[in-house]
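Shared between the two complexes below is chain A, which has chain B as its partner in the first and chain C in the second.
Now for the complex of A and B:
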């Protein structure tokens, strides 16, 4: 062996222990947990639940069509202990690499979620892009146990509902684990996390028979958003307030804004195509001023009243109305947040960007200063198109 | 500049030439004067083989001269012997008086200049050369009381004609290929390159077989030192038999133990001509259609002859497909193993569930499953190559059914594994130079082992090793990976992509930039290497 090949061998040998964490595991030694949930059980004890996919029953030509997932859980004073305790029930190693959603029970959320995310960040398996959801008015395990329709895997169903409604309705939006961790670090504020609600009888949702009818007896809905303060759930917002939160946090991709049409209330629907929000802070004396600038582009999606939108004056009028509606949403969200004294809107960061010196002084008392912030909303909307028709038949009828 | 390794690569002399006495003696031996003794000696030397034909007759009128013509049946064209030797000596000389001469050489001169109508004939007085000529299919004419012989080239006999290539198939382009006769092969090349600079050198290699080996190159384009090196390596060969160009390849290559071929071979004359024009050297071996082309670089194996006949856009696309195919053959099974045993997080979730469903109930680990299927595929391929044509259909049908359907239905392998193996198998047929595919097929197995023990990390380490090995390889002093490593931007015109012929073309140097244009005004390459002619 020459010196050169010897050196090469040595290099290769050195490379072996340098590898990160991986291990040889056959696919069929794994129980792939597509969703996980955590609940609080009494004093300092967690229940860690896993929705494990039954691959053979749902995939391939030999799919049996039995229940797509099973739910297992373990109890422990730490999450890791609970996970290992669950091995008493699960015949395979639980694998979190494909976790789609992470659900937190409301009770636990009210007591504080800060401790949960250390394990999620420390362990190599869970992804930090996993979506986090709060189980509204229920515990996480109940949500995990509910069989869903259309998407046979409940984890995918929850994720799908969250994704689609977030994109087209904007009354909630997807929050990933790293967003939550970043939110927990906000001074005087916290993360905003979408909620999911269980509707119907708990027991009937656990059986496959739940999806063997056109209308499900038991189902899951995305419902509102949870505002956190210092890692604890402070309150829920829903509907237009929740949409206001989306506006302020620049998460609106598309939504429908209803406008009044002459005498008829909420008769004209605007579909938002694009929206952009900028928050600017300004410090004048004790109370900071926050300027929220929203630019929106939309189309007239529906008009249930005879309005002649071929005239530009009419369009300007609609744009004005739309501006007011948006500002109304935003102000409702601001008021709720100020009432709950939690800066989930990123006002603190805006002040810091605008005036770092002033922020240094305010930082300690931001909890007290935030509810007193003055907010100015400025919306500039543009209607681009009016859909496929220019002369609606309702208008002709009127004449 | 890169010729340093040439000197290092000089072959070690073979031990002792034990079998040397079995072959032809090297020293010169004059022939017998007496005709009967001469004929007897030849017969005796060839073990009284009945295919040695001796025709004795008399020519001239006064006095009659005893003449013998000897040839070997099957190697010599009998009709030509009748027309050009017996007929011309027997009939046409009856009327003519052949001038007498006591000088033995003079008699041959008279026959050569006045009697024999054979085109390629010469006087020879050397036992060994005469015997070799006889065994190559020439006819030897002896005259009583004269020392020496006349050797006439009347080689003939049964030969395979020029047919369409069987391994390097094209859609567009010439359909002729080399056959087993070196003469035909040389003529196929010459027909395409009507240049006085196309030079041919012949030599005999193999102590017993005495195989004709020729090197062809374009004087002025091929580096003189390269030609000299090839000549030297061929002359250094000490071996009994050369049966195929593969024997030569094995004996003259730079590195013996490597999975990668460092000498290209082709059975297409147009490929050889193209390579000659790039300054490469062709080594033709009698008895095989496969002609060696050297020096060889890695990128050559991804070029099909058709690349130069098809449109540029399509050529680029096909080349990329071929490179992709090479990596598929080498890496796809190991990547599948790595992903399913070490890196589950890399599989999209729905695919992961699908794979998991397939894996349920499969008794073997993924590595063993992959190994089993790849081995089965290699078995089928080998069987397909070796089996008699008549049973081919049956075996391939049974094989496909066994490999695919039955194995999956029995739950022994997953359907995904069958897809991976078939995809690998199909990809292995994309490379025009079959030899490089065999390298990828070999490397695949250690790759799979590395993937199952270390995952992507193992694959990566193996790849580093292979790239390191590739960069260390030389083919007649030329870096094997050039022009990728050492990288030359100007030499990339015919590697991953091909520039259109209209772009100003400089002839690509094999090792360094050479600034000559390949489209010179008179179309004849200049023999002066420093000549910098520019095309207007």
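Now for the complex of A and C:
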């Protein structure tokens, strides 16, 4: 046999492996899990739940009107075992590639979440862009089982709520898995993870009848943010404190700040369009000084009081008030974090950037040093426009 | 030697593809921490010096490949066995890179496929190209470097657009001082991937314009060093030093974070293509250097006769070379400062010195 014929035969042999895929997984053999949740069951055992899509029920014409998702769960000492145990209940192979939200039950969060993320990083299927959420006051499985309105797939509904409220209200923000992992590795700190709360009766939320009414009896709301310390949930923040956390971590895309005007409290709303936060550390003596610099651009969104905002002097005053309000939010967040002794604000990283040598010394005792950090907030905000009208009509009535 | 010619531009492409090959997929120089990119840049200076040694040897013996001038300088009795060792070195290098590429492919995408299947498909396509000769390999390189450049630029653009890059993760620069950076430079980044460029000492005689070819070689080493430094910095700025350091395949983890409006996402294929293309050229050039060395030492006129048998050896060697990927990486760290250093740096420097001495004393160069 000459080299040429031998080579030809090899090429023909090549056709066998090249024509197909060794690793094939057909679509109709997969159960695509859009959301997953983990709870702790007793000692060292996890319950891993999956919200699996019924492809037929989201396809339009062929839809049967049933709930488009089903929830399955498996138990195991490792997540992988629990996932494989679930195969006893699911007729197809569970595929995690399209997981959009990953929910952690509060009880588990209080005991520690560090162990959960090894699997997410190690296995090629889950993606680090998956959003992580804590099930506030409930377990992850309950959240997954709740049928939602507007978005028929609950996973998408949860993600939608998280996204939109994060972008327009800024009292929570989207946290991806890689953010959580980086957070877990910060010295003396931890990640910040948004929470979701289950409202109403558990049983009625599981049925399709839940969405057959204009106001849902049972629903899911985004609610506050969980601050972690050494991988364990240390406490919740909400409202203005939560917004302060968003300010410091530079996650504010847009929000509404209410200002006092004239004599009326919280009567003028500023809509923030853009903001940017910079944190700088400085080490002088024992207590590091953290400088938080926030720049914001906004417009007047609503004025329920007689104030003449057609004058720039008045606008200056409002900007000043807005600066104070923002600084107030930020300080509230700082105080909470310092009280919980958890550096979720990236102060340690700021000190390290500013003075790596001093950080080397402080690193060990950062838990103790962080609560003593001095913080200086400097807000520079600009009101650019006043919307479709200038003076509020209340101003004329007064005259 | 086959009667083929490659242009300086083609040499440039081959060196860049070879240097990036498997290196761009991994985070190098982790022992320098956040300053890894700096260590790689410093290492590139060393890489240029190493290429300088190869270039000087080439200038002295422009007609001969590495195994040829070893015999010319050291004589037949030392030169021939040393050349034989070089054949083993090249084959071993090809097998290592084949294994590494296969292992990465399997751990990230094709987790159910046996390693030997992935490696066999790769080696068969390389055997095919090498049968066609160096000119075909060089032209294939010109096509693929274009694809890689487009993928690379697009990825960088999308990473910026997705807003996942945080420069703060690279700060502070030199937080631990210059010590670890210098140490890493000497221990790792000068050696890898620059000392492997010794393969090109076998290919340089094919150059059609010698002077320009040498310049193109220097440019290629410099540019691939800059690209490696940039990609390492990018991986760290996106993932953070901990995730990047822990990841088997950091470039893939980085690209996976691109998610623009839930529409532009899942660009894993970019990285898998980079892996396959890079690994192809890296293995092919080690392989070809081995084939040429064997043809030269054993006086075989048509080197093509050797391609298939050496290919089979490489395939089986890639399977036997280590028990697991961990072993492979551990071995790599040791080999880098022993075997690769010996064949890639020490021997060429010694050869240059010996050639200089011979010239000094006026005997025939």
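Criterion: the second predicted complex is superposed on the first by the 377 of 399 C-alpha atoms of A that agree within 3 Å, B and C clash if a C-alpha of one lies under 4 Å from a C-alpha of the other, contacts with A are read in each partner's own complex, and residues count from 1 in each chain.
Just so it is clear, a contact is a pair of C-beta atoms (placed from the backbone, for glycine too) under 8 Å apart; a residue touches a chain by one contact, two chains touch by 3 or more.
What you see is a predicted model; the values in this text were computed from it and never measured.
Novice: Just checking: does A:378 make contact with chain B only, chain C only, both, or neither of them? Give me first, second, both or neither.
Specialist: Touch status of A:378: no partner.
Novice: When the two structures are overlaid on chain A, which partner does A:127 contact: first (chain B), second (chain C), both, or neither?
Specialist: both
Novice: State whether A:3 touches chain B only (first), chain C only (second), both chains, or neither.
Specialist: Only chain C; A:3 stays clear of chain B.
Novice: Quick check on the superposed pair: does A:34 touch chain B, chain C, both, or neither? Answer first, second, both or neither.
Specialist: So A:34 only meets chain B here.
Novice: So, A:390: does it touch chain B (first), chain C (second), both, or neither?
Specialist: The answer is neither, since A:390 touches no partner chain.
Novice: Tell me the contact category for A:349 with respect to chain B and chain C: first, second, both or neither.
Specialist: Second partner only.
Novice: Applying the document's definition of touch, where does A:23 land relative to chain B and chain C: first, second, both, or neither?
Specialist: Both partners, chain B and chain C.
Novice: State which residues of chain A lie in both footprints, the one left by chain B and the one left by chain C.
Specialist: 22-23, 127
Novice: Under the touch definition given earlier, write down the residues of chain C that touch chain A in their complex.
Specialist: For this pair, the touching residues of chain C are 107-114, 117, 120-121, 124, 127-128, 131, 168, 171-172, 174-176, 239-240, 242-243, 246-247, 253, 256-257, 259, 265-266, 304-305, 308.
Novice: Which of the residues in chain B end up touching chain A in this complex?
Specialist: My answer: residues 340-345, 349, 352-362, 365-366, 452-455, 457, 461, 465, 468.
Novice: With touch defined as at the start, can you tell me which chain A residues reach chain C in the complex?
Specialist: Residues of chain A touching chain C: 3, 6-7, 10-11, 14, 17-18, 22-23, 121, 124, 127-129, 176, 178, 181-182, 185, 349, 352-354, 356, 359.
Novice: For the complex, give me every residue of chain A touching chain B.
Specialist: Within the complex, chain A contacts chain B at residues 8, 12, 15-16, 19, 22-28, 30, 32, 34, 53, 55-56, 58-60, 62-63, 95, 97-98, 100, 125, 127, 153, 156.
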